[in-house]
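Shared chain: subunit A. Partners: subunit B in the first complex, subunit C in the second.
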Partner chain A sequence: MNFTINLPLQMECTLFFQENPYMFETLDGIALRLGRKREDIDPVVKQLVSNSLLEKIGDGDQAIYRYIQPDTSSGLV
Partner chain B sequence: MNSCTASGIEGLDFVISGGFPTGSTVLVEGLPGTGKTILGMQFLYHGAVDHNEPGIFITFEEFPDQLYAELLAFGWDLKALERANMLRVICISPEILIEQMEQPNGLFENIVNEIGCKRIVIDSVSLFQFASNDLKESRNTLYKLRNILRKLKLTSLLIQESNSSEQSEVPFVNYLVDGVVRLSLKTHLNEYRKRTLEVLKMRGCKITEGEHIYRINEQGIHLVPALSMIEDKTAMQLQSFGSTGIAKLDELLTGGIPKGSCFMLDTNSKANYRYIIASVIVTRLLKGDHVALLLSSLVDLYDLKYLCQLFGLDLDDYVKSGHVIFIEHYERQRPPGYESSTIHAGNMTNQEFKNTINEKLGYASSHRNESGDEWFLYYDLNTIVSQRGKEFVIKYFAEEVSKISSAGMSMLALSNFTEIGYETASFLERTSHGVIKTWVDGSYQYLQVLKSPQGNMSSPFLVENIMTKPFIRLV
Partner chain C sequence: MILADQDFFQDVQDVYSDLTDLTMVITDNIGEMITNFTGNKNLLDLVYEYKSINEALCQRVKNFSKITGPVLYDALPGVKVVVCPVTVNNTNTYFIFAGMIIKKTEKDSVISYLKQELNAPAEILAEIPESSAEEIQTKIDKLKKMAAILSKQLASQKAASERSRKEASIDSFLQLIEAGNTDINTFLKTFSNSNQEVDLVGFARKTEGDQLVIEEILQSGNSSLKGSTFSTGEGLLGQVVATNKKRYWEKVYRDPRISYFSQKGIVPKSLAAVPILKGGQQCGLLFWGSSANEQLSKPTNTEGSIAASFLSIMESTLALRLKASNNLMKLTTLNEIFQVMAAVQDEKRILLILLDMSMNLIRGPFVSVILRQPLKNSLEIVSRGLTSEQIDSYSKDVSGRFSINEEDKLSTHVTGWGAAVYEIPLRYQNHSYGYLSIGCNGTDIDEEDLSFLNSLSFAGGISIHLIRSMKEESKQSSAAGVLVELVELIEPGHSLLAAKASKLIESFCESTSIPVSNRADLKDSCYLIAYPINLLKKNIGKPSVLSLIEEYHSIEENKPSIPTASIQAQLLHLVWTYIKQGEKIENLMQITAVNRSLLNEFISYLNHTNIVVKEIQLADPVSRQPEISHDLNLSKRESEVMKLVVKGLNNRDIASHLYISEHTVKNHMTNIFQKMNVTDRSQAIAKIYQSGWDFIKGL
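Showing the complex of A and B:
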């Protein structure tokens, strides 16, 4: 995980998706639900996508983000 | 939509004859705090656990983690159901949901297919209406939503928030859906609040009309259907019913007047009760029962003979065979041959009256035991009140009910509760096993079962005149 980008907000966002694993939201939607600004959330969400914690579906403002559930079947977790 | 999908609430399934029609879209509307979300989740939880039917709960505003925690209080482990692929609690915005529903092989279809979804709850569709200022656009969105749910054959509950208890106009969505269930909170006994559920619409389903009280307890929503009382097992032990001759009334009483029970017919001055009485008496005589009739001032033996004739029964035959006894308080003309079957009670003191009836009914009781014949009694209580006074009726009626019950006979007593006064009426109502009320209000006559040993009550039925016997029909 890249720790260079707003770590507390990364944790907040990760926890939010972990606790609500079937959340499907746009960037604006995530910002609204977390009570944060879009410009602060944007780089954090991009980071979580590159870390394979979130999946991005679609493009542009209407792109949706969803949580990728960890694979617990391999027995490694 | 022939099959039913159980709602997860036993009382509600009773009210809608088994459950929501499978594949239907049902609106659940109510003010905040009425338990709409609980009802929705109860529907999904029991669908998954009891019927192996996976479900989806879509929430637009509440976060799933809050729902997981809150609904655990009812013992519903939603996370465990999600792990078992029996449930998905999806948090999404209304616009994205519609967008994804429209897309072939979009997120929505994928999730439905992934878990083999059969049930869905959307909490709440009010947001579709708020999302757009354009009425046409929000109507189209809801119409599309309903069509997609129908296409996927999902039994769907759409939760709708009400803003006030009295809606001035019916929302558009109410016309679109197959059913509407309304949850309300009302003042009860001045200091309390009661929660009521009413099914306003349910296409393809016979519903029990009325407002049904429900409670939210540790297992979720528990609904007690209205017009249900506790069965009187003491009056039902003989498990034998005497038909009233009126099909709908028999249906309401699950067969008719139970053997060993006493029913009261409370009528107001305008109501026509003669066909009801005649139907009951004729049906008993045709069945082969013995009947004792205490006549009123308004119906003499000629009237009775004529009424029986209308019902296709020649009363003369039953007089001759000794199947019928008349108790007469008035000096009136009677048809030839009826004298030997008539007890003249007009000049009797109260004690003499009691003794005579005791003797006759004692005869009836022992006669019944010897021959296996059944006895049915019809009393005009207003006549006894006017001839012998209220005090006598109160004491006498309680004794009669007791004797009749223990002898396994049955009785129908006619009375006008308004005429005899509140106190006496309350006593008679309490003493009787069953109470049927008929009254005229405006241009219509109504009939309602208020009490029965079967535990059944009914809503008021319209009494319609028909040309063939029994000459009335309950609608």
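Showing the complex of A and C:
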């Protein structure tokens, strides 16, 4: 499978969720906010879920996606 | 079978019939005549009833199908015929029949037999030639030569035909490639249509690991192998993949490994397979076979090899096209990421971008970004795919290596729990800010992805550097700002002079052609030179300001005879000398530490500015008048009232004009009289007129 072909859209979608880390949004909502077609966004969102960047809550058209905050830690050198 | 050039065959037959004095005809390999008889027809009719000659020839061809050279047989007792095969590639393709021959020693008995048994007419019997054993052998040798000539012609005809087929095949594949058609099915159809011998053709593609899957197959019948898989080394096809060499199998139905096909009801009698390469690496194989022929012909296999070569070219072209498209996508992505990074002011956002973009690209088991926080002497780690124990373990591991890896570049490392990780430093110039760490599943990250990650890390390093530099600069600017303001309290005299110097520097820099950089530093330095340099060093980390002030002090102390300091320091020295020495241009002439062109420009600027000031004074000789209004100490409202009084308005009109009550106007008038030290309106008006009209305008 060629992942790179979706890379710009993945990047766009990732940055969108990074900027809105507390957002819960459906696929249609994401498509609307990014000004993209649902069918273009669908595989990208699925990929982001598979990459553990997004969490999918629920199923079907009403499924909601949210950004998974990465683990943050700090320690003395 | 190659179709004979009948005219050529007939011509050769006619020549040799005449040469050998024999009646001749040539048949194909099933006994069908392909030439007309040449020679004595009477003799022929004598031997065969003409109607049955075809049948007789077919029977003879059948009998002599395997002969390897000329054979002499008796068409009738004592009447001999020579049959000579014409071979192509050791296969008897045509047969020359040449007769009739009667041995000299047998002539009398044969004629007697023909007379009695066949009632042959005497004139025909007289035409029968007789030959000695040597003559017969000579004739046979000539027939051999004739067969050789025909074989050679057939061989060259075959070669031409093969060449033409090959060219047609190449042409059809080229057309596909030129048309940009990259559909495997169309490709297989092109191969299959151009070759009648082949009724099975397919393409298997390498997938994950050592598995191959039949991506496309064309074969007769309903069953299909499409989608079936096999491993490298498994069965006939797997063997070709394992050895990476083409193979041809004859009578393959006898081989037990054919079960891969036969279990699906496909039973080829012959099979061939050729590996397909993409960019030098095997990516699959093309196979073809025949359910009719036990052995595939050489031209068919040659065509198959040509098809495989074109398929390799097509796959490589596709791969290159995909690579170019991917590179464009990556460049577009990088470009947009860089734009976002350039706009972001927050280190945490940079870390998130690095983290998530790496995860999107590599899809490894884990990604983390480690950032050094020098002020806190700590590391900040953001990660995905690591447990808290792994984060602890890895951060300890990394912190131990940070101090010794100042000059580090991309490297691989094995974590405490045994996972391979690529560590790409986040660097700017020779400073390392941290690492982008990408975990991998035992397989290497390919070169292009590493290059993308390197670019991403490089951009991350620059972004972090810029954010930290801006923070540092802002901190230093605010420290310098506080010190500048403090001068006013500690050294008010210096502050006044510094303000004047700063203003002069600003206006001079605006007008001069000499490039003066860091003007803000230069203006701040006018104030900061009041402080001891050690104090400044402790509180201002900005090297440009510190070095400027140090240079200035050095000029002031040493008074060098030639200019060696920077233009900024020279200008600072020049302006301060001018200000401190009473703003006299002639005092500047003794300065030696300043570049002559700078000095001349500065003096020229000062001369020009003074003239402008004088011109203003001449054009506005009563510009001092407004000061009188301050002397009168009238309020804004009182001034408005007085202006209307001068115009001759009474209290009622003034009240109406200013939207106030008449009583308020009276109050204002009382105040005005007191302030002007007059007792009534007329005295007030007189006093105003004594002050001049411009004052009235100023009201």
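In the analysis below, the second predicted complex is superposed on the first by the 69 of 77 C-alpha atoms of A that agree within 3 Å, B and C clash if a C-alpha of one lies under 4 Å from a C-alpha of the other, contacts with A are read in each partner's own complex, and residues count from 1 in each chain.
The working rule: a residue touches a chain if its C-beta (ideal position, glycine included) is under 8 Å from a C-beta of that chain, and two chains touch if they have at least 3 such contacts.
Since we're looking at a predicted model, the values are computed, not measured.
*Asks:* On the A-aligned overlay, A:57 touches which partner chain: subunit B = first, subunit C = second, or both, or neither?
*Replies:* A:57: touches subunit B, not subunit C.
*Asks:* For A:11, is the partner it touches subunit B (first), subunit C (second), both, or none of the two (neither)?
*Replies:* A:11: touches subunit C, not subunit B.
*Asks:* Compare subunit B and subunit C by how many residues of subunit A each one touches, and report the one with more.
*Replies:* C
*Asks:* Now for A:29: first (subunit B), second (subunit C), both, or neither, which partner does it touch?
*Replies:* After superposition on chain A, A:29 lies in contact with subunit B alone.
*Asks:* Quick one: is A:20 in contact with subunit B, with subunit C, with both, or with neither? Answer first, second, both or neither.
*Replies:* first
*Asks:* Which residues, counting only subunit B, touch subunit A once they are in their complex?
*Replies:* 63-65, 82, 88-93, 96, 99-100, 107, 111
*Asks:* What residues on subunit A touch subunit B, complex-wise?
*Replies:* 19-26, 29, 33, 57, 62, 64, 66
*Asks:* Would you mind writing out the residues of subunit C in touch with subunit A in their complex?
*Replies:* By the definition above, subunit C touches subunit A via 322, 325-326, 329-330, 332-333, 336-337, 340, 349, 352-353, 355-357, 359-361, 363, 372-373, 376-386, 388, 391-392, 395-396, 399, 402-403.
*Asks:* Which residues of subunit A touch subunit C once you look at their complex with the stated criterion?
*Replies:* These residues of subunit A touch subunit C: 2-5, 7-8, 10-12, 14-15, 18, 47-48, 50-53, 68, 70-77.
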